Amino acid sequence: MIQLTRRYQFSASHRLHSADLSEAENERIFGKCNNPYGHGHNYEVEVTVKGEVDRATGCVVNLSDLDTLVGEQVVGPFDHRNLNEEIAEFQHLVPTTENLGMVIDRRLREAWPRVFPGAAPKLERVRILETPRNIFEI
Amino acid sequence: MIQLTRRYQFSASHRLHSADLSEAENERIFGKCNNPYGHGHNYEVEVTVKGEVDRATGCVVNLSDLDTLVGEQVVGPFDHRNLNEEIAEFQHLVPTTENLGMVIDRRLREAWPRVFPGAAPKLERVRILETPRNIFEI
Amino acid sequence: MIQLTRRYQFSASHRLHSADLSEAENERIFGKCNNPYGHGHNYEVEVTVKGEVDRATGCVVNLSDLDTLVGEQVVGPFDHRNLNEEIAEFQHLVPTTENLGMVIDRRLREAWPRVFPGAAPKLERVRILETPRNIFEI
Amino acid sequence: MIQLTRRYQFSASHRLHSADLSEAENERIFGKCNNPYGHGHNYEVEVTVKGEVDRATGCVVNLSDLDTLVGEQVVGPFDHRNLNEEIAEFQHLVPTTENLGMVIDRRLREAWPRVFPGAAPKLERVRILETPRNIFEI
Amino acid sequence: MIQLTRRYQFSASHRLHSADLSEAENERIFGKCNNPYGHGHNYEVEVTVKGEVDRATGCVVNLSDLDTLVGEQVVGPFDHRNLNEEIAEFQHLVPTTENLGMVIDRRLREAWPRVFPGAAPKLERVRILETPRNIFEI
Amino acid sequence: MIQLTRRYQFSASHRLHSADLSEAENERIFGKCNNPYGHGHNYEVEVTVKGEVDRATGCVVNLSDLDTLVGEQVVGPFDHRNLNEEIAEFQHLVPTTENLGMVIDRRLREAWPRVFPGAAPKLERVRILETPRNIFEI
C-alpha cells in the first residue's frame, strides 16, 4: 500500500458570520474575519489517495482521473468565487476553513465511487491550507 | 550602502471590473476575476529600504519604525478587507495587483518623510506577490 | 473531528554539551555543535489541535486563545534566548532539538487544561523544525 | 518516543514504459512521461526515524550514521543517474515515483540492521516528492 | 512603469557533454553531470515583463497571451523532454542551465513582437532555477 | 553575460551590543536582540556571479571552485559559531546582519582574484537572509 498526496490551489473570498449568533457575538468571535465586505485567501488543498501500486503501470492512481474529479468538485466551483454567496453548502454554514475542508472532503467522498469504483484507490485524507501558517486536516 | 527587504502579509478580497468598459469587455478581459461576488488572495508585500549602515548601531533602518509605518499604511487598512468596497483609492480604480502595488508604493512614499526624514534610509522598491506565481514590482 | 496545525517561529541559540560525558565524548558525539560559544537557529514549531467543529462558530479552536498559550509558554520565553543559559529545563538537560521539542510538548500539555478545559480541543501533536531539513515530532 | 524526519535531495532522469503493455497502452497510460528519450526531476526524499531519546546525548539517532546510510543506499547511487538504464531494480520495473519510493524503502530497510542494530531507532517511514505537487508515502 | 514576473515549471533531462572536449576533459569538467545516460531536473522559469499599466484594465500585460507564448515556445517543447536529443538548439550546444536560459531568452525575444507588437510590454528578463540552490539570470 | 546565484546556508549565534552605546541605549535600540546570552539564526547566503558563458563548457563559473571559496571564507568559519566571540571582524563591530553581509562581501571580494583571476567571472552581489522575512543585499 502506498499513499499519493497531490496539491491543488484556488483563490476565493469569504466572510465569517453566523446567523445563529448576535451581531456582538459575531464580532467578538470572528473579529476582523467578520468584516461585512469579506476578505480572501489563496487556499491550497492536499488530496491523499491510498492504494496498491498496479503491477503493470507502477501507479497507485490515474492522475488524470484524479485531476478531473478534483477539478469538477473543488477547483472549478470554488476558484475565484465568493464562498458565502456562490457555494450552496455555505448558505447555512459559516465558511470557516474547518467547514470548507469538510465540504471538500464530503464532495470528494460522494463523487469518488463513480470515478474510482471497486478495488480502486481510496480517498485517505483531505488537508487544506488557509495560509502557510494555518493547516486543517479532516 | 545596503538594502534591506522586509516581507509583510495580508489577506483581502477584490473584484476586477472597470467602469470604463462594457459588461462584455469586462468579462472578456478579466474572465473569472470579473465574477461580481469577488474572490481573494493572501498577498505578500516586500518593502526594500536603501541606506548607509549606522556606525554605532550597525543597522540600516529601525525595524520597529518600518513595521509601524507599513502597519499603519498597508497591513492595518488592507488586511481582511474588500479592496473594492473599503479602500478609498479603488473607488475609481480597478484593484488589479498592478494598481494595488502602485497604491501601496504611493502610500509608503507619501508617509516616508514623516517617519524617516532627512538623511534617513530611502524607500527603494515595493514588490507584491498575488500568488507565488505572480509577482509585481513597482 | 478535525485537526488544525498552526505554525510559530522563534530564534534561539544553544550549545550541545552533556555533563554526563567526558570532553572527548562530547566532542566526538556533538562535533561542531559542541563549540563552547554556541550557535543558533530559526526554529519553527507546529502545534496540532484536534477536536470537533463548533456548530455555531464553525471553528475547532479559538485561535486567539491558542496564540496566547503558545506565546506565554514557548515563543515568549524562548525567542531571542540562549537555551542553555536562560531556560530552566536545560540546566540539566542537553538542549538538542529532540529535548527542546519534548520540553515544548510538556509545557503545552501542562498549561492546556487551564486554557482549554473539559470537552475542549485536545493537543494532538507538537513538531519542531531545527532547519528545513531536520524535523522532529513528539 | 520521538520521530526525526531528515530530507535528502537527488536529481535523476527516467522514462515511464512497461514491457507488459503494448505501445498504444504505454502511450495512453503514461502520456508525455512515455517519451522514449526520457525526462527528469529533482527528487526530495524524507526519511523518518522513530526511537527513544538517549538520556546522555539527547539524540534519537546519530545523524552522521543516518547520512552515511542514505548516502550509500540512495543519494550516491541515484543522484545524476538515469533510473531506467543504471539502477538494477528498474531493469524489470517501471520507474514511477511509486516504485522508486518502494525501492528506496526496501534498500533502507535491508541495510538498516547493519547500521542500527538491536534497540536502535527504527525506520518509520519513507516519503518522496517528485515535484512539490506530487508526494508519495510508502 | 511596472514589472510582472510570472513563474512556469517544466521537467526535463539532459547530459552535459561537449563535442569540443576530450572524454577526459568532459569527465573532469562536468563530473557526474557527464554521465552518458543523463539525469534530470524540475526547472522553474521566471519571465519578467515591463510596461505601463493600462488605464482601463489596470493590467501591464494580458496574462493569457503571455501564457500562450511561453507555453508554445518553452513549456510545450521542453516539458518531459530530453534536451540533448529532442531540442534543436542543443544538437551543437551543451545543455547547461546557462545555455538553456539563453535559448529560452532567445526564443521568447524572437516570438515577442508577433504577440506583443508596438508599444506593448517589453520582455525585461528571463531567470531559470535548475534547483532551489542554482539560479541563472540572462 | 549571464548571472548565476548560488545559495549557501550556515547556523550561528550573535548578540547585538555596541561598545559605543550606553547600556540603556543598547537596550532601547536592540531590544531583545541585546539579551546578554545571545540568540541565533539559520542564515542563507546568496552569492551572485556575473560573466560570459564559456563556449566549450557552457558554464559561467566552475561551481566546485566557487563552493571551495565560499566554504573557506564563509561557511567553514561561520557555521555553528558565535559571531561575537569567534569571528575576528566582530571584535569591534556589532554583528547585525547588515554588518555580517558586509563582512561576507569583503571576505569574498578579497579572496576572489586568487581563485578567479583576470577575465574570469566577477562577484556581482552578496545577499543574506536572517529569516525568510529579513533579507539584506550588499
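As written, the chain order gives the labels A, B, C, D, E and F, with residue 1 at the start of each chain.
Assume a residue touches a chain if its C-beta (ideal position, glycine included) is under 8 Å from a C-beta of that chain, and two chains touch if they have at least 3 such contacts.
It should be emphasised that the depicted structure is a prediction, and the values quoted were computed from it without experimental measurement.
Comparing each option in D-E, C-F or A-C with C-D by residue number, the pair that reproduces over half of the contacts is A-C. More contacting C-beta pairs link the chains of D-E than the other of the two pairs B-E and D-E. A separation of 43 Å divides the Cα centre of chain B from that of chain D.
A straight line joining the Cα centres of chain D and chain F is 34 Å long. For the pair chain E and chain F, the distance between mean C-alpha positions equals 30 Å. In chain B, no residue reaches two or more other chains under the touch definition.
Of all residues in chain B, only 16, 18, 20-21, 29-31, 93-96, 98-99, 101-102, 132-138 touch chain E in the complex they form.
Within the complex formed with chain B, the chain A residues making contact are 9, 11-14, 32-33, 35, 37-42, 79-82, 85-86, 131. Interface residues of chain F facing chain E in the complex, by the touch rule stated above, are 2-7, 53, 55-60, 62-64.
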